[in-house]
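Each of the next two complexes has chain A plus one more chain, namely chain B in the first and chain C in the second.
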Partner chain A sequence: MKRIFLWISIALILLWTLLPFYSLIVTSIAASGSIGEFFPKNVTFEYYRAILFGDESGSKSIWSYMLNSVIIGSISTVVVLLVSVPAAYGFSRWRSRTSTNIYLSYFVLRMLPPIALVVPRLVILGRLGLIDTFLGLALIYIPTQIPLGIWLMKGFFDGTPKELEENAWVEGAGVFKTFWKIILPINGSGIAVTAVFVFIYCYIEFLYASLMGRSSVITLPTYIAGFSTPWEIRFQLMLAAALISILPMIILFGFAQRYIVRGITGGALKY
Partner chain B sequence: MDCMNARSKDKKGKGKSKLERREGLAGLLFVSPTIIYFIVFFLLPLVVCVYASFTNWNILSPNRIFVGTLNYEKLFMDPKFWKALKNTLFMLIPIPIYITFALLFAYACHKNILGQKVFRAIYYLPYISSIVALTLIWMWLFNSQYGLVNSFLSLFVDNPPSWLSDPFWTKWMIVIMISWKLIGFTSIYYIAALKSIPKSYYEAAQIDGAGPRQQFFKITLPLITPTTFYLLVIGMIGSLQTFVEVQMFAPDGGRGYGVGTIVFYIWQKAFSSSQMGYACAIATVFGLFILVVTVVQFTVSRKWVFEGD
Partner chain C sequence: MVTIETLKKRKSRRFSSDRIKVFLFLIPAAVLLLVFLVIPIFQCLYYSLFNWNGMGPAEDFIGILNYKKIINDSVFIKAVLNTFAIVGLSLFVQLPLALFLAIMIGRGIKGRAFYRTVFFLPYVLSETITAVMWRILYNPDPKRGFINAVFQAFGWKMQDWLGNMNLVLFSIFIVLTWKYIGFHMLLYITGLQNIPRDVEEAALIDGVNKRQMLTYITLPLLSGTIRTSAYLSVLGSLQVYAIVWIMTKGGPVNASEVLSTYMYRFSFVRFQLGYGAAVAIVMLIISLIFSITYMSLTRRTEHVA
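What follows is the complex of A and B.
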């Protein structure tokens, strides 16, 4: 009885999650006459060819947009790590009323609707002439991801025994040397998780990307959305592009999956 | 919460040694770069937003005049604002749905290794797929001509709803979509929470003669309340900010503004009608609203969230 319930549950959740993806794959390869069929009779890969190599009707290939997404994701990830990893260590180890208050205020700010900050941020970046530049978009993503980075990393540092650095201090190593030589290497997997999360956020972010990217910095989500215009929606091209855009994330997941689960659940169990 | 512990520790440690003070300074050094970011990218925009809400700032005209509380007065008389607020609250419906199902699935699978692996792989798929791609699949599934959903429904009913043109059904479609997206993800949290409950609790309960149902309600549910609370807070903040789904499914806010949410309305005002001042006023009111809701959640949480032995 229990086993049956278990298998039904697993089957149901599989079906529930995967059916839309099945529909996505099937539609992206359906020839125009076979759209909407559950098992399409006529299959074509011309839409994939158009997305991968471009076609005559003017749809551009996906690569330059993917490169844009990867560049912005990489810049943002590196800066977020540089800022939030030391900060998380500070919040984890030096607890005082001031540091607690600063930490809590980050949380309150994370709750603000991003839209409330969109307008002023765009104005500030506009003044600096950074609209439609890599730096401008990265400057938006970085501060939104720093609180997440601090929160994730603090979870990992809280779980690192204090004795480690106390021993190092007794041996005469300074605070920064201890951090660099002992604490960071131990928390390598935590840093990897944080990097993956920040990167994914930048890779799929749409709101800011669509407002900031005018012509030179167009990232994947904006490119995919571009197949839908008020006049027509080019379903198959859009779905093919969406599928190809997911692939790098699936590969990333293959490498990082064990750590990811630890990363997302670590913080939730503590609060 | 561990911040509370930090406070009590702080009071005890009156006589700080020199070494400790030096470490405190180092701690400040570690933290300080974030403070700069925090000021430039959160506080400054926040101040600009609140200030702009008292002006008639419009992107198209260069002169900006201080208009006092005019925007706020306009806001409370604006029927679209109230409709958007109602639509926004509608987006809270998915939370109990996906939390319940996620808990059920997690409970069924948390002792089974294969089940966990399945979850781990599939929770991730909706999470990494860009929201644009997801809304597209959804438009496709719920398409009234070709869509899978309606061809399935037409087996049972004569007139399946036209999901994309009827605001009422569009909102339900968004509810289903958010639930779909978050069940797997939420299950992962619950599996981790369930695994952290010591087995000895259940063994003791069994000796005392408690059945599986009693064990679930008396041990499992109370012990996972911290996770439930976390999911509720995060879920509410997320739901109240529903935006992309509306933009994709109902680019004009739906018939009679039946779909548009507050965040969508702010976006429309700021970027389509370029009434920045008014948009900032809505954003300020809405930001306060979310803040109040969250504070209330934290206050009420003391009554029901398990805080450890």
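What follows is the complex of A and C.
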């Protein structure tokens, strides 16, 4: 009896999770009179055609925006890893009062809502002439994600036995060589997980993307939000674009799932 | 003769004497954070002392007048209370629900990967789309909105989910839970996988029942994960922006105003950037209080770093 009750609640939660996706799909194929109907009477795929190939009324196809999102995601992910992996290793292996304090201050910095720093950041980037550039957007995302990267990676390094590098040192390998040849390869899966989280964040970030992207660097969330104007919201185009835009993420998650499950286990939980 | 003792000494010297190398590892992170996090904070502090609309340099110095106005604005107080409500609901409703899901589908059940993927799916969806989609679902007209259609079918009283001042925050919270529950569930599932099987088997042999197992063994061993997810949950709740802005713009009549939308409105709709900067500083202070509370709570229970 109790089991049945539990399974019913799971089923309800499952329904609650999937219903919006069902709605997403049917709305994206509903002809203009049928938005919001549970079983749309008139179905059309013209919106998908418009998203995939562009249409006469001037809406552009999704691909260049997806490319922008992938580019900004890749740049940021690579830099975040380059910066936070060594830093996390430093925090994990050489503990002192100073390093603990620096580490904790990263947490405080991570707490700051990104929206709170919009104005000064835009002013700085404006002075540097970096508005509407990949570099400018990357310079926003990277510092936001570095604390997360350090946090996850430190967890992985904490879980790596110290004996490994102690042995290497006794045999005469230097600190950097040991880090490069022994520590990094062991933590490959951890690095993959961190990369996935950072990439997803950059891929779907809306606030800064919409403020920074004017004409040349427009990413997916801004492109999708662009179907909503003060005069009308073109739901079908918006949702069709949204569905297409999450496909790469689903594939990425599929590939990374085993890593993600392992990764969180080894990482974040230590703090 | 090289004894084990001297080797150990050499090793520990290695760990403690490489100060310079440690800082080499840390420098890149420090520089980036300084330029794009720390300096902006001070700049924000500077702007907050001016009456400034973003055009030209900030010249009209007004001291702490902006802060006085903030504290006296009832809409700001409303925004703070709403934000805290979301933090509280997330911690005490969303997380236990995620934990429940994790325990139910965490182990040894068929199709684990399926459940994991399904519940994680909303996390991958951008906030823009989440908000637009739920706006359609919440449409009060049962012909246009699924939820009221379901309510009508069951003969329940239909609601104006986003238009009712007493309901709107709750409606938004449902969306936030929908989007983030899978992420926390994934954290818990992996935390559960981390608990050594033999601990539980030993307890079973000692004759504990399922409830005792949960309260005395599983949950304590999971406390590290719970702390992590609580931290991330508070973090996310304080930063909620796009979902609220797109669904309600903080309305109706400020009923769903949160700190981020309040700040956004003044900075980018009304172009009172000095005032917006002051709001940002207040947000920073609130975040700081949360961070310090979190740290002192975790430091007491576990050795940090």
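Observations, loosely collected:
Everything below uses one rule, namely that the second predicted complex is superposed on the first by the 259 of 271 C-alpha atoms of A that agree within 3 Å, B and C clash if a C-alpha of one lies under 4 Å from a C-alpha of the other, contacts with A are read in each partner's own complex, and residues count from 1 in each chain.
In the analysis below, a residue touches a chain if its C-beta (ideal position, glycine included) is under 8 Å from a C-beta of that chain, and two chains touch if they have at least 3 such contacts.
Computed from a predicted model, the values in this text were never measured in an experiment.
After superposition on chain A, the partners chain B and chain C are seen to clash.
Of the two partner chains placed around the shared chain by superposition, neither chain B nor chain C is touched by A:52. Shared-chain residue A:150: touches chain B and chain C both. Once the two complexes are overlaid on the shared chain, A:166 sits against chain C while remaining clear of chain B. Of the two partner chains placed by superposition, chain B and chain C are both touched by A:38.
When both complexes are overlaid on chain A, the residue A:206 reaches chain B and chain C alike.
Look at A:5: by the touch rule set out above, it reaches chain B but stays clear of chain C.
When both complexes are aligned on chain A by C-alpha atoms, chain A residues 6, 10, 13-14, 16-21, 23-24, 27, 35-36, 38, 83-84, 86-87, 89-91, 93-95, 99-100, 102-104, 106, 108-109, 111-121, 123-124, 139-140, 142-143, 146, 150, 175-176, 200, 204, 206-207, 211, 220-221, 224-225, 228, 233, 235, 238-239, 242, 245-246, 249-250, 253, 257, 260-261, 264-265, 268-271 touch chain B in the first and chain C in the second. Across the complex, chain B is touched by residues 5-6, 9-10, 12-14, 16-21, 23-24, 27, 35-36, 38, 83-84, 86-87, 89-91, 93-97, 99-100, 102-106, 108-109, 111-121, 123-124, 139-140, 142-143, 146, 150, 158, 175-176, 179, 200, 203-204, 206-207, 211, 220-221, 224-225, 228, 230, 233, 235, 238-239, 242-243, 245-246, 249-250, 253, 257, 260-261, 264-265, 268-271 of chain A. The part of chain C that touches chain A in the complex is made up of residues 7, 10-11, 14-16, 18-19, 21-23, 25-26, 28-30, 32-33, 35-41, 43-44, 47, 54, 97, 101, 104-105, 113, 115-129, 132-134, 136-137, 139, 141, 143-146, 149, 178, 182, 186-187, 189-191, 193-194, 224-225, 227-228, 231, 235, 238-239, 241-242, 246, 259-260, 263-264, 267-268, 273, 276-277, 279-281, 283-284, 287-288, 290-292, 294-295, 298, 304-305.
Contact residues on chain A toward chain C in their complex (touch as defined above): 6, 10, 13-14, 16-21, 23-24, 27, 35-38, 82-84, 86-87, 89-91, 93-95, 99-100, 102-104, 106-121, 123-124, 139-140, 142-143, 146-147, 150, 166, 169-170, 175-176, 200, 204, 206-207, 211, 220-221, 224-225, 228, 233, 235, 238-239, 242, 245-246, 249-250, 253-254, 257, 260-262, 264-265, 268-271. Considering their complex, residues 1-3, 6-7, 9-10, 22-24, 26-31, 33-35, 37-38, 40-42, 44-46, 48-49, 52, 104-105, 108-109, 112, 114-115, 118-134, 136-141, 143, 145-148, 151, 180, 183-184, 187-189, 192-193, 196, 226-227, 229-231, 237, 240-241, 243-244, 248, 251, 262-263, 266-267, 270-271, 276, 279-280, 283-284, 286-287, 290-291, 294 of chain B touch chain A.
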